[in-house]
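We just call them A, B, C and D in the order they show up, numbering each chain from 1.
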Amino acid sequence: MTAGASSPRVLVWNEGVHEEIDPGVAARYPRGIHGTIAEALGRLIPGAEVGTATLAEPEHGLTEEALAQTDVLLWWGHIAHDRVDDEIVERVKRHVLGGMGLVVLHSAHFSKIFISLMGTSCALQWRDEGERELVWCVAPEHPIARGIPFPLVIDEQETYAEHFDIPAPDELVFISSFSGGEVFRSGVTYTRGRGRIFYFSPGDQAYPVYDHPDVQRVLANGVEWATPLSREREPIVVLNPPRDWFEKPRG
Amino acid sequence: MTAGASSPRVLVWNEGVHEEIDPGVAARYPRGIHGTIAEALGRLIPGAEVGTATLAEPEHGLTEEALAQTDVLLWWGHIAHDRVDDEIVERVKRHVLGGMGLVVLHSAHFSKIFISLMGTSCALQWRDEGERELVWCVAPEHPIARGIPFPLVIDEQETYAEHFDIPAPDELVFISSFSGGEVFRSGVTYTRGRGRIFYFSPGDQAYPVYDHPDVQRVLANGVEWATPLSREREPIVVLNPPRDWFEKPRG
Amino acid sequence: MTAGASSPRVLVWNEGVHEEIDPGVAARYPRGIHGTIAEALGRLIPGAEVGTATLAEPEHGLTEEALAQTDVLLWWGHIAHDRVDDEIVERVKRHVLGGMGLVVLHSAHFSKIFISLMGTSCALQWRDEGERELVWCVAPEHPIARGIPFPLVIDEQETYAEHFDIPAPDELVFISSFSGGEVFRSGVTYTRGRGRIFYFSPGDQAYPVYDHPDVQRVLANGVEWATPLSREREPIVVLNPPRDWFEKPRG
Amino acid sequence: MTAGASSPRVLVWNEGVHEEIDPGVAARYPRGIHGTIAEALGRLIPGAEVGTATLAEPEHGLTEEALAQTDVLLWWGHIAHDRVDDEIVERVKRHVLGGMGLVVLHSAHFSKIFISLMGTSCALQWRDEGERELVWCVAPEHPIARGIPFPLVIDEQETYAEHFDIPAPDELVFISSFSGGEVFRSGVTYTRGRGRIFYFSPGDQAYPVYDHPDVQRVLANGVEWATPLSREREPIVVLNPPRDWFEKPRG
């Protein structure tokens, strides 16, 4: 059982640009990266309602109405971060702080929404040589690690490496190593406002990482972990309460 | 001894507006809030070079040159947050991520720079009735608590109360209680990029809190704690290193 | 989140001594403190199987068999900590490290099992004058806070105050203030090995705190949070794996 | 930061058994592992007074008097953990909780003192095949990382690997990877009571790791970081203060 309501309502967002311009990506992910992920989540999370949205849609598919109906948003982006409208980023952030879960994927470490929530540059080191990534869990009792092999092996993947300019995470769940010897904090959690955030780095447009059953399982676990306790958005706001406001009336 | 170089170069920034428009504040802090704090830091930190800057100065006194010569910046603001130029906020943030220490004071929880570094709303509850604040240390070995009485007693102060919408701090140093029974995480630390950040809530324009010797000592300790290891700004940046880049040349 | 299986198997342990020697306590908790808590948990947690055990039972009711059938153990003790057998403490600790959840109650901050898991003295300040305790949540999205009023008000209670000699908690959920102005980290979580630990201080033999519906709800939430992912005990053990042990056989 | 007094008084403890029974170790560390480390610390820490002690000495060289004169204790052990007297372990623990710094080295993850302070099993995975260890800093502004190359390269070393059964550290400073692909949290800090604890895994009797200049520098940084604010032991103890104990006498 997860933190939140059962049957989470999930929205998988993808910029969806590589699929349009790169035949290799289109062949690898014929339904788009978002389609592959959405299919997996629908299959793995009992009762989940899973939709998708992309950059090209009006308001990037992230209307106030769509977000209000979303328990957990997943975000994939890479070459079009700067095409995401600032106003929509603010809208998404408002929903996260009010309770919506957010799962940030791979190159979305550089998305406006992640940088804005972290407060750091989110820079990292990278190399694209198809190295083997070993994903080691260092929090074996964490629900995001449930059912994940130790290690999770990805035969070919882009290398992400430290320094990764993020705040010290609330929880460090996974550390990856790569064939070249670099390491990376590849699975980290944060709470910001009332929203739970999970960043998971494995996943790329150039490798079939999102077809990997263990990666799919991590994402499903992440969605369940990030599901809020309530479907209401309850942002923390400024109040000016009188003294003894919490006293019950006596009489 | 502190983390950083000895003889830190300190810049105390204050919007400086209350002092101009409110005779009570001007009488309480005849040199301005910044002047009172700067005097205390100069007296308490051996070898410190302490300057001040305010909103009214060109570029708010926060030029590239000024920041490049600053090890730790203190920030006080309240009624003029929105008059701080966004570009200068970005400049300050760049310096913090590159290593400059930042001490955020009282109502500056709502400054653009703090909100930007935290990623949350930084909202809180407040009441201005001159309640007694008791500041309790919960990390007695922390250098910021060195020499501070337990509890630190402030006879009259504005009440700040939870919920305080901040990320879970890296270190929780102080918790305050108020006469009305509310509590507040009043001393918290973060590292963002290479910059160390200390938020300390006691301090207000309407009470002589910055004349309190123990409050002055906390600020001096905070400055010493936040002083960077190096005077160079070394932001974490994206790199694309070749495999085995760290190998020594053999030969 | 509630990490674990539905229908947790819960064991409420109480030294059960005050009830035998103090008529006031016996009148206040006619089924014993353990009985009051067990009744509440059975009522509030769907499908829970709740049992009790006390010091006077053979092996304190904490046989290997009993523990192997327990998902979450609650522990209440006060005046008989030193009568708990060291061997049984080691047994309980082994089960916690292997995955059993542990909810530590009030004066059990000084139990052998809690001290052993924390590694600190677990000392605190106290005063028994029936002060009002206000329990403030500082992690509003934490599942242990679900449905709890802000603040949770306890009209009369023993005062517990800082310094509380515990490790910095993994998660700080509740901070209490008391009429006298002291504060206390009253709800904290830890993971040790695979076991999840929740310490909650409200609750006393001299006040009817365990009859308080909100306190009961916190305990139920704590039990759900501490429930392990698996009913198997899986302690982390030393291994000496050969190189490439994780490679799949090829061919 | 380095919290404490200048000129720390340092005691390097080593079981000193390998040096007696293994000519290879005796040749590698002719003054003993403790002697090599002590020489390095004396050279690298300005004003440090560095002594050594071993298992074979009366009370293992850890008398009440010796500990009372120690700011930071380093601990190396491997094959003789069970020969360390329990009473002396309790004594060391009392000093740590009262403020003495502790630097725990390599195979001392399994020392009685470390296990007792952590509350977990401290188990890990290992393999002794002389793999290359790369030590990556993930907290670049931490004073323990000052002046350390990124990565720190150890050409041949015993492999330590996750799962490492420790509490989530207060600060994660270093992550190591090994030729075989495993990762390990190799530099972690904790505060327990008033004592600062640094565990650093590189270092072994079978490899000349303690002759490595960068490893020596990490140990020196760790000693400076762990130095207490005060030379007085100030354990947190139980108190029963009257209401308003902190009020100043009026009149």
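In this text, a residue touches a chain if its C-beta (ideal position, glycine included) is under 8 Å from a C-beta of that chain, and two chains touch if they have at least 3 such contacts.
Just so it is clear, the model here is predicted, and its values are computed rather than measured.
Farthest chain from subunit C (centres taken as the mean of C-alpha atoms): B. For the self-contact between subunit A and subunit B, the two sides draw on mostly identical residue numbers; the shared fraction is above half.
Annotation: 37 Å between the Cα-based centres of subunit A and subunit D.
Averaged C-alpha coordinates give centres for subunit A and subunit C that are 32 Å from one another. Each of the following residues of subunit D touches two or more other chains: 134, 139-140, 150-151, 163, 168, 170-171, 181, 191, 193, 236, 246. Within the complex formed with subunit D, the subunit B residues making contact are 1-4, 99, 134, 139-143, 146, 150-151, 153, 170-171, 191, 194-196, 224-225, 228-229, 234, 236, 246, 248. Within the complex formed with subunit A, the subunit D residues making contact are 132, 134, 136-140, 150-151, 162-164, 168, 171-172, 175-177, 179, 181-183, 185. On the subunit A side of its complex with subunit B, the touching residues are 97, 116-121, 123-127, 129, 131, 161, 163, 165, 167-168, 170, 180-181, 190-193, 235-244, 246.
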